[in-house]
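Going by the order they are written in, the chains are A, B, C, D, E, F, G, H, I and J; count residues from 1 in each one.
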Amino acid sequence: MLFAVKMDVNIPNDLDPELRAETIATEKAYSQQLQRDGEWVHIWRVVGQYSNLSIFDVRDNERLHEILWNLPLFPYMSVEVTPLAQHPSDIAAG
Amino acid sequence: MLFAVKMDVNIPNDLDPELRAETIATEKAYSQQLQRDGEWVHIWRVVGQYSNLSIFDVRDNERLHEILWNLPLFPYMSVEVTPLAQHPSDIAAG
Amino acid sequence: MLFAVKMDVNIPNDLDPELRAETIATEKAYSQQLQRDGEWVHIWRVVGQYSNLSIFDVRDNERLHEILWNLPLFPYMSVEVTPLAQHPSDIAAG
Amino acid sequence: MLFAVKMDVNIPNDLDPELRAETIATEKAYSQQLQRDGEWVHIWRVVGQYSNLSIFDVRDNERLHEILWNLPLFPYMSVEVTPLAQHPSDIAAG
Amino acid sequence: MLFAVKMDVNIPNDLDPELRAETIATEKAYSQQLQRDGEWVHIWRVVGQYSNLSIFDVRDNERLHEILWNLPLFPYMSVEVTPLAQHPSDIAAG
Amino acid sequence: MLFAVKMDVNIPNDLDPELRAETIATEKAYSQQLQRDGEWVHIWRVVGQYSNLSIFDVRDNERLHEILWNLPLFPYMSVEVTPLAQHPSDIAAG
Amino acid sequence: MLFAVKMDVNIPNDLDPELRAETIATEKAYSQQLQRDGEWVHIWRVVGQYSNLSIFDVRDNERLHEILWNLPLFPYMSVEVTPLAQHPSDIAAG
Amino acid sequence: MLFAVKMDVNIPNDLDPELRAETIATEKAYSQQLQRDGEWVHIWRVVGQYSNLSIFDVRDNERLHEILWNLPLFPYMSVEVTPLAQHPSDIAAG
Amino acid sequence: MLFAVKMDVNIPNDLDPELRAETIATEKAYSQQLQRDGEWVHIWRVVGQYSNLSIFDVRDNERLHEILWNLPLFPYMSVEVTPLAQHPSDIAAG
Amino acid sequence: MLFAVKMDVNIPNDLDPELRAETIATEKAYSQQLQRDGEWVHIWRVVGQYSNLSIFDVRDNERLHEILWNLPLFPYMSVEVTPLAQHPSDIAAG
């Protein structure tokens, strides 16, 4: 089941630099594991923003929430979720 | 070069039904040709909306505008374009 | 899988009154069938609005889109979909 | 009398961790007591958000305000209240 | 139980003038009857707008919806409902 | 001359608790004096919000600004002022 | 008593051209009479908009509403009213 | 050349009180000098807001920016600039 | 004196096709004359929109309004004007 | 390939003054190098704002993001990117 998720990151300027670097590294590892598992199918940088647009392919709403809630940067993000379905013009629709 | 494009369709209720059906059919053929050409790489329906979220991979801004401007449904759409770049956490980034 | 859906209805004033009445009746029958089937679990009127707030329990995103797209009043609605998950404070969570 | 209430929680990052944990625990107990009492009839997590969508069934406006004002997390919430009524298509309407 | 209601009226310019006049007259009578009944406790014109701000004192949400839904100008209005409670600084609170 | 005023209060979480309590007490006394004087004719709590909706009956704009500017909580408020006039449907209009 | 008023004019494209010309002429005469009377103290065109920013000096709210409601272009306008007071830095404040 | 400028002031609550008082005094002197010079032609308080609406009559855009950028309160303001032109209904237009 | 102007065009679908074509042609000639005169210094298409972003270099506000008001497509446009000044980082600033 | 970029700068008031001055100086040098390189083709100050409107001419989206992400003031900016294409009325279009 597909979802588009826009994540805008806003880390406070006074966050401890070491904690900041560590959180960003953990976030990257977390994201890459989910990409390898096939649940986080796309991640793009939005040009000029500390933001990404991602596509998730997950079992259900519960699983998507679990993934997002546990993002290491979640406390510094605003997140927007858009449920997707197959488009009738998609050539993959057969 | 990648762009996310959100298209919201709003066909007037009083449009001639034949013209409506014909425009929607032409739109589908137009989209599918661009999908086969590799420029329109994803098209998803937004759940509960007469809208799609699409990803384009085009040569440049000029080409993206040419594609969108010539959409048969363009006169009935509002369109939002978001330029994308590779995300540092993307496993495809190597 | 649960979704909250807000539907705002805006039927044009110049719609043929017979067609209007018929569409509203078909909408009611359509909604009630889905309620009996257990997919449309709640429907509430928003006070002072030609709107409803509904809760759906469906198999997946595809099914939710199919239900909403085929609403007889869909061409006159604006629709907002919110995916829901179990809340950790819900006493039903055990 | 039914109300939909959307609560968005935004706990400051610099809140003392012990106070934070304690407040969240008190909030949970407070919510579950009202659920058992039948006044807080539904609570759902909004996917990807530190938010919930809840349905309250209360005596009147005064009681709803009393419940919300005394939420342990109230100082960190923004709250949106929507009064609901029975929908004519509700099969429970008889 | 008190509610503030803001009503913005937007009658289409091409409405039949007789129907327009009649609807406005019926609306006035409808409002004045509810004022005399004690349910529509205040009605003020918003300066420079075809709008009013009103205060209702009604039994419950159902009754408020019934009143608003049956406003002769309802099809031409956008309506915003705000539930009110007694303020602790109100000298009438004793 | 009548005005509706919506006041949203947002006291910073780190305000000294004693100052906070004192400011709220002064605000209450200030409001009640103006109520007794007949200038602050209504004050209602907005359900679920740290907000009030008030009606003022004052000599002129200057007086209204003087009252609002001197509210003890003014530095922590956002304020929205709506000038009102008599509505032609008001039964008090004679 | 001073008010700033922003008026945005949106005359429908299908309005009868004669009625359009006549309404604009009546509006001009109406405005100029009020300017000569000293109630409509400033009128400026907003650059690039079919809009004006005006300053009114009137007896009270009732009079301002009477002036605005009777504008010949009122049915085609959206109007925003801002009550003004003397600024403490105004050199005219003495 | 005329411009309307809306200035909303938001001085942080934790600003040193002496610096605060001094900045406000400097702002007043700065504004009054420009009023005497004929460049800052009107300044009004917006009722219920820490805001002013002002009219400037300046040589060009560069000069307006220079004036606004050097406002002592500029770091604490949000500013909105609207270019104005003579209105065809202005009786001063001859 | 420089201004950025964003123009969004929205020609009604039911406009007579001949009038439509003629208006667009007149608009083009009008724009190109002003470009040759050096007042309309840049015009860019906004990708995916029936919109342009333009830069004007004009004598004053009056002249900018005269140019915009007389655009053949003005009745079908919404227009947003932003006054510009020289930026201190501009290498042309010397 | 052209892009319009609006940058709004919001440096926290409590930033160390030396760091502030240094960051602004580095930003200026960074911008001027890119201007000399022909990638940052225009930079204008928005009148009355700590903002600029800029035009970039870059190889692709990746390069634009690289430029913006490395702006010394990027952590204190909100950035809005608009892809541009040649306008059919541009006299340079031949």
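Observations on the structure shown:
Everything below uses one rule, namely that a residue touches a chain if its C-beta (ideal position, glycine included) is under 8 Å from a C-beta of that chain, and two chains touch if they have at least 3 such contacts.
Just so we're on the same page, UniProt names per chain: A, B, C, D, E, F, G, H, I, J = Muconolactone Delta-isomerase.
This structure is a prediction, so every number in the text was calculated from the model and none was measured.
Taking G-I and H-I together, the pair of chains sharing more C-beta contacts is H-I. Chain centres computed from CA atoms place I at the largest separation from chain D (Muconolactone Delta-isomerase).
Put simply, the C-alpha centre of chain E (Muconolactone Delta-isomerase) and that of chain H (Muconolactone Delta-isomerase) have 39 angstrom between them. Our note on geometry: chain E (Muconolactone Delta-isomerase) versus chain I (Muconolactone Delta-isomerase), Cα centroid distance of 44 Å, whole angstroms. With centres taken as mean Cα positions, chain G (Muconolactone Delta-isomerase) sits 28 Å from chain F (Muconolactone Delta-isomerase). For chain F (Muconolactone Delta-isomerase), residues that reach two or more other chains under the stated contact definition are 2, 45, 47-48, 61, 64-65, 81, 83-86. Contacts between chains form some other arrangement here, matching none of path, ring, star or all-to-all.
Contact between chains, using the touch rule, shows up for A-B, A-C, A-D, A-J, B-C, B-I, B-J, C-D, C-E, D-E, D-F, E-F, E-G, F-G, F-H, G-H, G-I, H-I, H-J, I-J. On the side of chain F (Muconolactone Delta-isomerase), the complex with chain G (Muconolactone Delta-isomerase) involves touching residues 1-3, 60-62, 64-65, 81, 83-86.
Residues 13, 45, 47-49 of chain A (Muconolactone Delta-isomerase) touch chain J (Muconolactone Delta-isomerase) in their complex. Of all residues in chain G (Muconolactone Delta-isomerase), those touching chain E (Muconolactone Delta-isomerase) in their complex are 5, 12, 15, 61, 64-65, 68-69, 75-76, 79-81. The touching residues of chain G (Muconolactone Delta-isomerase), when paired with chain H (Muconolactone Delta-isomerase) in their complex, are 2, 4, 27-28, 31-32, 35-36, 42-48, 52-53, 55, 82-91.
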